[in-house]
């Protein structure tokens, strides 16, 4: 039994009388100890997938409109909100993109960690506090005994993200969902945080879903990768396999668009056009307006999944040969 | 004890919100006033409200009986000598001030002197006084330059009148009103406290000795039945009425005429008419502007106006007003019809013709009125309309009362202004008789008649001269009377001893509940 | 090193300090935040200088100071020989045509109440580049085509465009004046990867066609490498290292440059770990001596006490480090 | 987008706000066409028919002067619109200019805003009371006195918003294009303030009605002969039991018009530029 | 914090000087004078002038101002022309009423406004939200005097549950029980302000609800009510605190009207009456004290900011 199984998940935004599908039937599984990277440009639905999985869409006009999410074999949609909260923050935890705003500015960081602890475990104030200090030490915050009394604004962005991680780890979750955890951080700090996540995962054996727009971050951290475009996973594979054999023209284009520091190119091979908005209806493959090798078939029908060796899957009528 | 009480009241508040009226001791009389008095010093203050409060504390040598005739109060008796030029007044010997001192002629002389020099109405008498001396411990002697008819009325009129204070208080007193701590009089109630905005409270003077005789008007026996009289400013008239209805007050003054029918028929309310009517006056500027010396134009204005609709609008029920041209009401000794044919003609055409004759060419006539007194304002609105119909160009300016008082002292600021006058027992006290009163009516004709009027001591002759003066007023029109207004007050039916009407100011001795 | 005669812009010892804390009558405890504290560099005609560094290092302030959007606190910046820092706003106004700026946020840099035509015609009118409505419209249409937009978009308002399109409009507004120097402040960092590549290509093409000089400010080393001729690395208000981009990227001299380079995630699977050297200090309370010393594996006493001055470590390659001779290992 | 579309965008799906908007249109129409709609002269005194109950002839009854309350109420709408629009104009022009200039020219601003602080420290009604006693009761003075009070709040709000805008990137962009002060203030900043100003205007309009009524009630507002709803209440408050229609009708008119204006303001705020939502919290 | 408070207090001085000079100028420009009010209808201009001379109102305004200012600095606010009592004791007497009225009103605002605001925000978009928001707006649209008149008519005259008017001191017979006199006035005064607080609490909670840290709180598995109170309302309180400064100013304004309607012996009515009576020393004193109070309350609001929001540092 997989730890988490997402089947045909559909998430829609209610806009006036229309339902716009933001996540359009995606499926993936993740096992204990695995790191799944979900990559894509803004608006592709990657963050909503994470929020839907976690159960945090309440209070927005966005709803899960189809599919199932199974956590340890249990269909989360069948749980009452209270039962769902028992899992949230306990067996399944999440960290977010903006460490600057994701902590409540009016409470000390220690209290915020303690709150997470006491929500799911019966601990005395003293026990909870000791545990919070341990957690801060675990995420390598120097001088945790004093730092526990800091307010969020007294910490740097990197430190705050560490606090967020400590809070997420408070109840030893089986799954950690990290939504763009390093996007707002400087590159030197980013590498520290990524190192930390990788190390903690090894220590605890938890599964991690890492969501990022940065192919480099994904490549360095994850062992499975799903590439999303316009609400659908268009390519999924083991990380090694994916970067060795890019099969979708979008993934190819994405990789070619990145100017890298360790290689010189005169001209970037950019994908043309722009990401279509949700309101724009596209017949056939949704990537067809931007695809360099679009064919007649691409304009009329949406491609189904084509499977390659080692579980490499791609949604393209004309997958690339997959040579570097 | 105290804590227990607080606890109890808190409990009570929770369970029995209906028990509202019982905050005051039974012996406190609660009077909802229209505002606060400027000061209670009777020598210099002419506010009716001040007198309503103060005449329970301060007394003069004389006062009025039910038929408005002067009778002794602190005086025991008097005699005229020297053809009316020397007045000897004997004082009662049993009178004590609130501070415990007995009243002697020294106190009376000091009080009369200050009143004569600084008092509002003192000048009327004292311009005729040659000397004032104590001719014994309990006797004073006033020597006049010439016989002066109205002296006793002036002495009996306590509003702006000669209240008797201890000499110690009078020492150094000037035009500036006395401080509350100097409120020491001889009356049945004495000064308690004055909490600004909250109330003025008088408490019973247990050492009071009353004048002899049965109660008659303000004269005779005075008995303080209440432990305290509390005068509470309730400026909103609706609140005053509601307060009486709900039992929060025992007595409330200055109630609009339009509510009379309702209140008169309400079993929870007693209405008390005032015996002496007040009357509105529209003064004309004799010193400056288009109306100066132009008696014809003034008569044109007078002719244009029909007083009745204004009274209907301003007052309401016919019981409460009279379109009466005589300055003093029917039944009063000073009543006369002289000149009153011109009181309320309401003839626009005749007015137009007169105005044309007077050379009026449509210059604006500045009329000042204050909304602090709604009936002035209502009257002004109606008059303005009538005058406009008669071709006058009226510039109506509405001010607050303080501004109006300031402006009316400046002759170039106005042509007509509205005010009103309280009931007075002697015509000499009517403001238009004062040459310095704004309007500044001081024609030779007036001067001649006024001299004769004050010099005479013969009641019949004085009545005759007064009717000549009234006729002159209708001819020269220094002011227009707007009509008599019988104001009324309301009280809780529990209050006993009020009678069906008040004389001039309500008095609460011999009253209980 | 570029000869100062040919350089278009020569910045010497530039300082920009902000006052923080305290104000009003008794604001005695105000301090200076030294956003830029002695920065020198030159830009030659037709050259692109990349200015790279982490957030808070003062790189944007350099750009804003050179366009007089911030007031400098010291130093000089000679543009074609004239010290622009000494100029009043009014004196500088005619020069604004020559020194133009591209801003980071394509959503905030266009006035939402002005149509594209209004936005683009404003600089033309002010600098009298074109007169008469028809001429102006022609120039604008031309420019829009150059940045890859259809001239018919002229009548539309900013909210009708995507981020990439807006940034193209921003570039059009700058290029329409044919400036001599463009300061591009994080010009592509707000854009999605696929759009970023398009805009970068556009900027690079336009720069090469027009020969305009450029100060390209970015936190992204890849982007900087792609577009620049020379690169300056900033750390806490100072330049740590400056030189030709080949030298900086293949042969970095400053330990900080090395740390930066090894921190960039590459698209090759597998994690190469970097030593945890802590986080940057804040410019409000900079460390003594070399500002990088708390994070530097090579730090010695001199680093803690003395601020290193720039020393030459090769042709046109300067670095501000006391230990240029020592090797440093950044990998964990 | 044309005006009709904008109005549709603001009111579509907001039932209460749409009703409010309709009420306001009715009030404005009543104000404009008062002479046509009023069956009687609002100033015409008729002592014979005073204090009459509402009837077919006098829909809202008559007052103590025998004037037709319905006609006065119609003309009252005219005063409401004049006072509201006047106060809005005064407050926005003076306050807006002070706020904008103060934020833009910081040295001038520290001086001007100090003055605004002084004004703000006076409770609005007390300031109005003192000024109204000082000046004469008149329509213009009432507008000025109410306008001054809201000019201070407007200045504060615009100060904040201008400061925010001034720090905006597109202003930097305009500076870099070489735009001068006047162009930045009036071409770049002002148009961005228009929608928050519109919202502010609706709230000032609404609160000005209440302020004017309070002044009338205290006898320090419009000249008493002017048929305004506040004056009608002030004059007839003693008739609360004797002639209840004299208080109920004008009172309801004030409540409904203020309520409507608030509803419209709310709807405007909801549809407005989200950047400024924080700044206007009702006056 | 002490240093900050001190510095703020010192910064009051110029504002106070400007405000007091302005008041002084304004009220002396008003036509009319205390003497003519005191002496009434029969007084001649000479008498009035003489009394004004005696009271010191004939000096040039600036001389009067500096004399007054000098005395105020020594704690002497002068003597009420009308009451012949020290201004401070006149004000102190009115203050009892006003302070109790304000306290009770604030209690209503907090007790009514805040819970309803929270309810409305947490039920955003439901009929509960629409009804409460609608009523809040309606109450903010009612002229206070009109509301007061009808409350008296219904609850005091009609039902007889409460006294109609006035307020005997708590030291008078009845003690705390006398507070029932303030029940209707405080409700009248609270209605529009509570309505504004409802709207403000709702709006700021909705703003906070959109913030990222609320999502974090929910991600911890906290219950909705805990999130609403501890994470949303607690943070929204920062914006609400600011409103209390404004509410105070609004309260003072509306108290003038309410105290008039209910004939309460408070400061609001005192100042109106004093303006009508041209009792200069009282007007100056009251307005000065209200301005000081306003500034102190704003200072307290700023200080409470620092307590509510650790990001705010007071320097």
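Order of writing sets the labels: A, B, C, D and E. Residues in every chain begin at 1.
Assume contacts are C-beta pairs under 8 Å (C-beta built on N, C-alpha and C of every residue); 3 or more make two chains touch, one makes a residue touch a chain.
All figures in this text were calculated on a predicted structure; none of them were measured in a lab.
Colleague: Among the other chains, which touch subunit A and subunit B together?
Modeller: Chains that touch both subunit A and subunit B, as defined above, are E.
Colleague: Return the chains shared as contacts by subunit C and subunit E, ordered by label.
Modeller: A, D
Colleague: Which two chains are joined by the greatest number of C-beta pairs in contact?
Modeller: Among the chain pairs, B-E has the highest number of C-beta contacts.
Colleague: Which chain's mean C-alpha position is the greatest distance from subunit A's?
Modeller: The most remote chain is B.
Colleague: Using the average of all C-alpha atoms in each chain as its centre, how far is it in Å between subunit A and subunit C?
Modeller: 32
Colleague: Would you mind pulling out the distance in Å between where the CA atoms of subunit B average out and where those of subunit E do?
Modeller: Here the centre of subunit E sits 38 Å away from the centre of subunit B.
Colleague: I'd like the Å distance between the centres of subunit A and subunit E, where a centre is the mean of that chain's Cα atoms.
Modeller: 53
Colleague: Nearest whole angstrom, what separates the Cα centre of subunit B from the Cα centre of subunit D?
Modeller: 44
Colleague: If a residue has to touch 2 or more other chains to count, which residues of subunit E qualify?
Modeller: 30, 149, 153, 260, 276
Colleague: At least two partner chains per residue is the criterion; list those residues in subunit C.
Modeller: none
Colleague: Indicate the residues of subunit B shared as contacts by at least two other chains.
Modeller: 236, 238, 372, 399-400, 403
Colleague: Across the complex, what residues on subunit C touch subunit D?
Modeller: Touching subunit D from subunit C are residues 64, 67, 69, 93-94, 96-97, 99-101, 103-105, 108-114, 122-123, 126-127, 170, 173, 177.
Colleague: In the complex of these two chains, what residues of subunit E are touching subunit B?
Modeller: Subunit E residues touching subunit B: 30-33, 36-48, 50-51, 54-55, 80, 82-85, 90, 93-94, 97, 149, 152-153, 156-157, 159-169, 172-180, 260-263, 265-266, 269-270, 273, 276-278.
Colleague: Which part of subunit A faces subunit C closely enough to touch in the complex?
Modeller: Residues 41-42, 140, 156, 158-159, 186-192, 194-195, 198, 213-217, 219-221, 239-240, 243, 253-262, 264-265, 267-272, 274-275, 290.
Colleague: Please output the residues of subunit C touching subunit A within their complex, sorted ascending.
Modeller: Within the complex, subunit C touches subunit A at residues 54-55, 162, 164-165, 192-198, 200-201, 204, 219-223, 225-227, 249, 259-274, 276-277, 279-280, 282, 332.
Colleague: Would you tell me which residues of subunit D are touching subunit C in their complex?
Modeller: 168-170, 172-180, 183, 187-188, 191-192, 194, 273
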